[in-house]
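First the structure, in the form of C-alpha cells, and then the observations on it.
Letters A, B, C and D name the chains as they come in the text, with residue numbers starting at 1 for each one.
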Amino acid sequence: MCGIFGIVGNPEASNLTYLGLHALQHRGQESAGIVASDGQDLRAHREMGLVADIFNAPVLEKLPGNAAIGHVRYSTAGVSQLKNAQPLTVEYVGGQLAVAHNGNLVNAQELRTQLEADGAIFQSDSDTEVVIHLIARSKQPSFEQKVVEALSKVKGAYSILFLTDKKLVAVRDPNGFRPLVLGMVKNSWVLASETTALDLIEAEYLRELEAGEMVVIDETGLHASQPFPPTRLGRCIFEHVYFAKPDSVLFGTSVYETRKEMGRQLAKEQPAPGADLVIAVPDSGVAAAIGYAQASGIPYDVGLIRSHYVGRTFIEPQQSIRHFGVKLKLSAVRQVLKGKRVVVVDDSIVRGTTSRKIVKMLKAAGALEVHLRISSPPTQWPCYYGIDTPSRQELIASSHSVEEIARYVTADTLGYISMEGLGSAVGDKERTTFCTACFSGKYLTGNLNPGATSVSESNPKLATA
Amino acid sequence: MCGIFGIVGNPEASNLTYLGLHALQHRGQESAGIVASDGQDLRAHREMGLVADIFNAPVLEKLPGNAAIGHVRYSTAGVSQLKNAQPLTVEYVGGQLAVAHNGNLVNAQELRTQLEADGAIFQSDSDTEVVIHLIARSKQPSFEQKVVEALSKVKGAYSILFLTDKKLVAVRDPNGFRPLVLGMVKNSWVLASETTALDLIEAEYLRELEAGEMVVIDETGLHASQPFPPTRLGRCIFEHVYFAKPDSVLFGTSVYETRKEMGRQLAKEQPAPGADLVIAVPDSGVAAAIGYAQASGIPYDVGLIRSHYVGRTFIEPQQSIRHFGVKLKLSAVRQVLKGKRVVVVDDSIVRGTTSRKIVKMLKAAGALEVHLRISSPPTQWPCYYGIDTPSRQELIASSHSVEEIARYVTADTLGYISMEGLGSAVGDKERTTFCTACFSGKYLTGNLNPGATSVSESNPKLATA
Amino acid sequence: MCGIFGIVGNPEASNLTYLGLHALQHRGQESAGIVASDGQDLRAHREMGLVADIFNAPVLEKLPGNAAIGHVRYSTAGVSQLKNAQPLTVEYVGGQLAVAHNGNLVNAQELRTQLEADGAIFQSDSDTEVVIHLIARSKQPSFEQKVVEALSKVKGAYSILFLTDKKLVAVRDPNGFRPLVLGMVKNSWVLASETTALDLIEAEYLRELEAGEMVVIDETGLHASQPFPPTRLGRCIFEHVYFAKPDSVLFGTSVYETRKEMGRQLAKEQPAPGADLVIAVPDSGVAAAIGYAQASGIPYDVGLIRSHYVGRTFIEPQQSIRHFGVKLKLSAVRQVLKGKRVVVVDDSIVRGTTSRKIVKMLKAAGALEVHLRISSPPTQWPCYYGIDTPSRQELIASSHSVEEIARYVTADTLGYISMEGLGSAVGDKERTTFCTACFSGKYLTGNLNPGATSVSESNPKLATA
Amino acid sequence: MCGIFGIVGNPEASNLTYLGLHALQHRGQESAGIVASDGQDLRAHREMGLVADIFNAPVLEKLPGNAAIGHVRYSTAGVSQLKNAQPLTVEYVGGQLAVAHNGNLVNAQELRTQLEADGAIFQSDSDTEVVIHLIARSKQPSFEQKVVEALSKVKGAYSILFLTDKKLVAVRDPNGFRPLVLGMVKNSWVLASETTALDLIEAEYLRELEAGEMVVIDETGLHASQPFPPTRLGRCIFEHVYFAKPDSVLFGTSVYETRKEMGRQLAKEQPAPGADLVIAVPDSGVAAAIGYAQASGIPYDVGLIRSHYVGRTFIEPQQSIRHFGVKLKLSAVRQVLKGKRVVVVDDSIVRGTTSRKIVKMLKAAGALEVHLRISSPPTQWPCYYGIDTPSRQELIASSHSVEEIARYVTADTLGYISMEGLGSAVGDKERTTFCTACFSGKYLTGNLNPGATSVSESNPKLATA
C-alpha cells in the first residue's frame, strides 16, 4: 500500500510534503521520497525507512522550490528495494518528470512486455514505470494529453501525481479505487491520499477528486477535467475496514464513525449473549469494538495493550515463547480478562495465524470464553488493486468454513459481519459504489495477473505453531 | 526514569534480557544496555537509542553467559550522553562489577564530594557511580556486606541490580519508592521493574521485593535478607497514575484497574453534567477515561488518535502550524467531536502548555465545550526520587489555582481528583504507604538537592504560544 | 576516469572482481559496483565510496555466480551521485543486462536527444545509458549483433563490458583510447583495465584487446571478432604520463619504465646545470624523477613525503595556513632541501595552483632554487575521451607561455618535455598511435560537445591565494 | 603506539589539534580523541577510526575553547575498544581532568592492584588510568605537585599531557623514551609528539622537552621545571628506524637524513657486490635504500609500489593467492626486477613472514637474486615502552641465526646493520643516550611485566604458509 501527497504554490513545499507524508505514514513504512521543483529543476530524495528518519533540515534544504510531491510505500518483501522507492524520476523528451502512484495496475506486465519488445528499458520492478514509458512514447502535443493517452492504456487502480518543472497533474482512475483529496492552505493547492494529511498542515479540505478526473495545477491555477468515461465506481471498502486513519474522511464519510457503525451492525448480526465485556484488537479494531459495545450494551474495556516500540528483528529464544510474534506487539491485561467471557473485535482474518495467537493469549491471561467478532466478511480473494494480501491459498477463508476457522483460531464463537451489514455501514447497502472483490471475488477490471483467480481446490494445511 | 531487568541461570540470559528491556522500553527511551556474565568475564553493550535498534543477533552473540542485567534510561537533556548509559561496569579490588539502577539518590552530590576529597575519580554524572565507589572502598569481607555498607550511606530511591562474575544481587530501598519484582522461568530467577517484562518472556510472577530487602542469587540458589530497618513505605503513586504499563501488576494491584478506578473516583468528585461523551488523551488517559465513562454513564469514545510514528526532529514550517508539537502526535477525530460537549481525561498537567494545545485542538475540531478532568491532584512539587519533572517554578499548579489553570488551558471546566480519591483508588485511602510528594510536598527523605524545596513566590508568566 | 573488470567461469567471480577493483582503485574513488550472474539472475551492489569500504563477506555472498563485472568511477563533482554509479543494470526485451564502461562518448547528447524524441526515458546522466537504449532498440537477432549495431552509432572512447545471464561481451573502441587487457586464471577468462588487476589475482596476462575488437565469452568459450573497421589508433598518452599504475603494462610497454624514460628525455631536453638534487612530487612524479636523476647525474632524493591519510573535509583554520590544501597531503623534508638547488619533477601542470603551492612550500622549507620539470608537454586542451580535465580556460597553459607559467608558480626555471620527447619515451616518436589531443588539440573524433574547442581569447586571471 | 598534541591560548584550539593529530596519524590509526577547555568546562570527543573520519566542522564546534589536547592510538587487538581511547577524562576532587599519554608504564599492574585494594575503581584497561588515580589521591596542595607525586611512583615511558579547565601540564619521563616537542604559533604554545605536526600548522619549532622536564602553561605563561632527578637517557632508537615520519626532526636530528645514513652504513657493512639495483620496501625503507644506493654506487630504483587503498577486511579467495596479505599492499614492478640481482632494503624483520612473502614476490616477478638488507640489528626482544611488538618467542631473531633467517625468508643473502653502525647513524656511537633494548635486551627500567624477559629455549617452528 502507499500514500501520496502533493503541493503547488508554496515556498515551503518540501517541508509541508514531509509533514504530509508523516501523516500518511500508516499507508507505507518501507520507503519514502520527496521530489521538489523550483520551476527549473526537479530534485529528489528517496530512502528506505520511515519519514521521520529519512528527512531532516539539511535534506529538506536540498529540495527547494514551490512545488513538491511525496510518496510512502509498503510492499511485500521480495521487491523491497530502493530502486522501487517513489516518486520515480526520469528524463524524457519532455524534460524531467517525477511520479508518485498509489494503487496497482493489472495489465502492467502485458504492457511492459510490449514496451520492451519496442526497445524500452526498465530500471525498477514497479508497475508505475510502465506509465512513464507510455507518456514518453506518446506523440500527443501537450503533457496532459500524453498523460491521458498513457493512462487510457492501463487498467487497474491509480491515484497518481505527476510533477514536471512547471506543473503538477493528479489523476484518479475511472473506478476510483484509491482515495485522493484536494485541499488548500495559504493559497497553495494540496493533494493527499487522506484528509488526515490536510489536517496536520492546517489545509482546508475541499473535495475528493472524482473517479476518472484529472486535475492540472500550474501558475495559471487549477484546471479540472474528466478525460475518462464514467464507469462503475469501485471504491476500496478495505480502506474503511482497516487501512485509512480513523480521523480521515474517506469517500465522503468519517472512517472512525463508519467503523463504529460496522461494530454496531456486527453486534446486531453476531451478538454474544452473556458476554462480560467487549475488547478490541488495537488499534484497528477499537472503533468497531466501541460500536459493538454501544449496540450490545456489553461494557467496552481494554484487554490488549499495543506496544509503541515494535522493532523488526527480535530474536526468539530457543526456549521458545508462546505467541512470540504477537506478544512483542500486544500485551494482555490479565486483571481485565481473568474469569471473563470476552468479545474481541478485529477488522479481519487473513491467514488465521495471528488471530489464533491472540485468542490463545487471551485465554492464557484468564479469559473464560473468547468470542471473536470480525468487522468485515471473510477475506477470500486477493486484492489486485494495491493492498498487500497473500495468495488465495493462504487466505484461510478461501478454503475453510466459519466453523472451521473458529476451531482453528480456538475461539468459542466466531462471527463475521455480513456483506449487507458492511455495505450498510459504509452507506452503500447495495454495494454498487465499492469494490468488494476481496470478499466476493468480483473484480471490476478485466486484466488480472495470470492465474490470479485460479483457486487451489485442496484444503491447505493450517499452521499450528 | 529507568527500567531494570536481570536473569540468572539461563543459557539465553542476554537474549531474554533484551526481550525484558523491550517490555520495559516505556520506562526509558534514551539509552539501553546489557551486561552478561559467563562466570568469568562480564561483557557489556550500551548505546543511545531504542532497544530494538541497539540489539540484534550479532550483538547478543557477543554477550554470552548464564547471567545478565539490563537497563533502559530516560533523562533530561543536559546529561543525555553515552557515558551515563547503564549498566555501568567497572573493575575494582573485588573484580568486575556491573550495576543497573532505577531511582535517584538525594545525597549523591554530598557523597561524591566526600569521595572525591578522598581521591575518587568519576567517569559519569550519574548518582549510581557513587554507590560503586562506596562498594569499592568498603572494607567488609564479602561482596554482599560491601553492598549493604555502601547502601546504608545513601538516601533516596533505588531499585538496583549488581552483577559480578559469580552472582546477582538485587536491593530495593527501605521506602520502596520504585518497583522491583521477582519471577522465575525454566528454573531461572528473573528480576524486573514491572511484571509486563515477566509476561513477555513467560516467567511466572512470584512476588515484589520488599522495601529494604536484598536478594542474592548465585549457584547455590536465591538468598533473601532484610538488611535495612523497616521504615515508612513510600511507593511512588505516579507509577500508578502515569508511568507503569497498564498490563503490569504494581505494588500488588493492577495498573489498568487502578487507573480505571481513578476515573470512577474522578467522575464522582468532578462530574460533568450534560456532557455528551468522554474521551481520553491517549494512551495514558485511556483507562481513567473508561472508568469515568462507566461511573458517569456518559459514553466513552475516541476523540484523539495517537500516531505510531512520532519522530524527534520535525521542522515546523515558517508558516506556523497551530499546536504543531501536539498535532504530530495526536489527531482529532472531527466527526466524533463536532458539536459535542466533551469530557477529556488526562493523567496530569505539568506546565500546562500541552493541555492548552489539546483543548484548543479539540475546539478547533468542533467541540462545543471541553471539560478537562485529571486523574491525579495538581502536580505542585518536583520529584527527587527518579521521575523527570521540571523545577517547581515550571509546574503550573505550584503557583496557579485550578481556576487560573482552567483559564490558561482554555477549558470550560477543569477538575482534578482529590488526594483522598487518588488514595482510595490505589487502595491506600490514608496514603500511608505511598509517596505523594509531587502533590503534597511531603518528601520522605531528608537530603534533597540544595534549593530543592525553595519556591519562587512570583507568578511566572505562562507560555501562550 | 574509471576502471573495469570482468571474469567468467569462476565460482568466486564476485570475490575476484572485488580484488580486481581494489587493484584498479586508482582509476576511480567515487563509487564502485559489482554485478554477478548465476546463469539466471543478475545481482548488483553499487555504492558511493571505496571498494574496501563497500564490499565485505556478507555483501559478496549476495552476489553469487560464475560470472561478474565490476566498475570503479571518478567523476566531476556535479554528477557525483549513486544513480550514475556503474555497472548499470536494466531489464529490456532481451532480459537483464549490466554494463561497465570506461571512456567517454562524444555524441552521447545528440543520441540522447534522438532517443528521447523517440520515447526513451533516462535514469542517469551517464553517456553509458545511451548505449543501453541503442541495444534495447536494435532489431538485430542476436545480442552480439545488437551490441555491434549500437556501438556503430556512438563516437568516442569506450572500453566496455556487457554482462547478461549467459555471457560477457567486451568491446574496445576503434581508436583504442582506453586500455583493456585479457587474462586467464584457473581456466577463467578475465578482462581488466590494467594488468595490475591480473597480477593481484595471479591471472596470466594474455594480450591487450585490439582497438575495435569484440570478445564474447560464454559457456562455449571465447570468441573474438573485429566488427569495426580499422582506423587510426588513439591510445591515451596521459595513461602513460599519469593515470595508470606504475606496475602495469600498458599498450605493450611498462608504465614505470616508460615514465623513467620520460624523465631521461626531460633531463636531456631541459637540463638543470648546477642543481644539487632531483626530487619528485609523489607519487606520480617518482619514476620520471629517478629517470631524470639517472640521465643528469644529479642525485635523486626524497624532498616531499606523501601522507597516507588524506581525508576530504579538513577545515582550514581562520588563522589561515599557507599552502593548506597541499600541506595536508605533502610534507617537505626540510633537512634535504635546506640550502639546496632543487629539481622537482611532476607529471603535468593543470591550473597551476597546486604547482605554485608546492614550489612555495619547497622554498619555505629552505630550497635555494626550485627548477620545475614536467614530464609531459603543456596541457592546453580538455580531454573528451574520459579523463577529467577542467575547461580550456582553466588550463593555465592554454593562455600562458612557459615563462608566464614559471613566474606564476614562482619556479626559478620551468621546463616541459617536448612532444617528440614524450613520443619517443612511449615508443611512438611520430605519435601516430597515440591520442595527444590534450597537448595538441588534435582530436581524433568528430563530434565534440558544443563549444568544446572554443577558446576564450582573454587571459584569465590566475589564483594567487 | 600513540601520538599526542596540545595547544594553549588559541581560539581555534580544537581545530588546530585536529590538524596536528592528522599529521601524527602514522603514530596510531585505531582511535582518536580531542578534549577542549573553554576555561570552565572540558568537552571531549573520542571515536574508533581515523582522524579525518572522526572529526568534522559540527564535531569541532562542540569543542570550543582556547586550550585542547588530542591523542591518536594504536594498540594490539585485544584491547581495541572505545573505553581505552584517549584523552581520558574524569572528574576528581580537583575538578575535571583530561590526559593524553604516549608510552607504556612497566609497573602499572602493580600500582593498579594497590589502588584497587585501596578502593579505586577502573573504567579502562589502560595504564594511563593509574596515573589519574595517583593524582586524585595525592594530598599535595597544587595540581602540579600532585602530578609530580603521581609520576614519581610510576616507571616506564611517558610523554604525557594533562589538561584542566585552567592549565596544560606536559611531562616527559626521566629516560626520555618517547619524543615531545615544544612549538609556538601566533602566540599559542604547542606540544606535539613530532615536529611534523608543528610544520602542518605553521608553528615554529622551539625545542624538545628535556627528559624528566615538566612544563606548565596557564594564563601567566609557560613555566618549565625539572622535578625528576637526571638519569641515563633512553631515547627510543626505533623511532628513528621506523616509527617517526621522515620529515620530522627527532631527538635533534632529521629522521630522513638519519635513515639515509643508516643505509650508507649498511652499504659499508653489508655490501652486495654485483647487484644491479637497490630497491626499498616502501615506505619505511625508502630513505635507507637511497642511502645504500648512494654509498654503494648501485642504482636506486622502484621495484615495489605501495597501494594507497589498503582496507582491513579483504577476503582471500578459496582459490588461494600467493602472498595475499602483502600483495594487497605492495605490487612488484616486473619490468624493473626481471633478470636483475636486487638489493632490497627494509627497516626490520619481526616474525619473518612478511619478509618471506616479499622476497618470494620479488622472485616471482623475475628477480634473479634477492639480497635483503635491514637498517636495524636483529629484533630479539619485545618493547615494554610503547611499541607494539610480539612476544619474544614470535621474534624470529630471538631464536634463529642470520643464516637461518635468510634461509627462511628465501633471500640469497641477508645483512643487518651492526649496533655500532646504527649508533653511529643516529649520532650516538656508544649508544649511551638511546634505548636499544629491542636489539640488546638491556632494559633501562626495573619493573617489567611478569615473565617479560623469560625466553623460551626452544626453536619455534616458522610459518611457511
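Just so it is clear, a contact is a pair of C-beta atoms (placed from the backbone, for glycine too) under 8 Å apart; a residue touches a chain by one contact, two chains touch by 3 or more.
Labels paired with UniProt names: A, B, C, D = Amidophosphoribosyltransferase.
Since the model is a prediction, treat every value here as computed from it, not as a measurement.
Common partners of chain A and chain B, by the touch rule above, are absent. Mean C-alpha positions place chain C and chain D at a centre distance of 36 Å. Distance between chain B and chain D, defined via averaged C-alpha coordinates, is recorded as 50 Å.
If you average the CA atoms of chain B and of chain C, the two centres end up 62 Å from each other. Multi-chain contact residues of chain B, defined as those touching 2 or more other chains: none present.
With chains as nodes and touching pairs as edges, the resulting graph is a single ring in which every chain has exactly two contacts. In summary, the structure contains touching chain pairs A-B, A-C, B-D, C-D.
In the complex of the two chains, the chain C residues touching chain D come out as 10, 12, 15-16, 18-19, 22-23, 25-26, 29, 50-53, 56-57, 60, 185-186, 196, 199-202, 245-247, 249, 254, 256-257, 283, 286-287, 290, 294, 299-302, 305, 307-315, 317-319, 321-322, 327-328, 331-336.
Those residues of chain D that touch chain B in the shared complex are 90-93, 97, 116-123, 132-133, 136-138.
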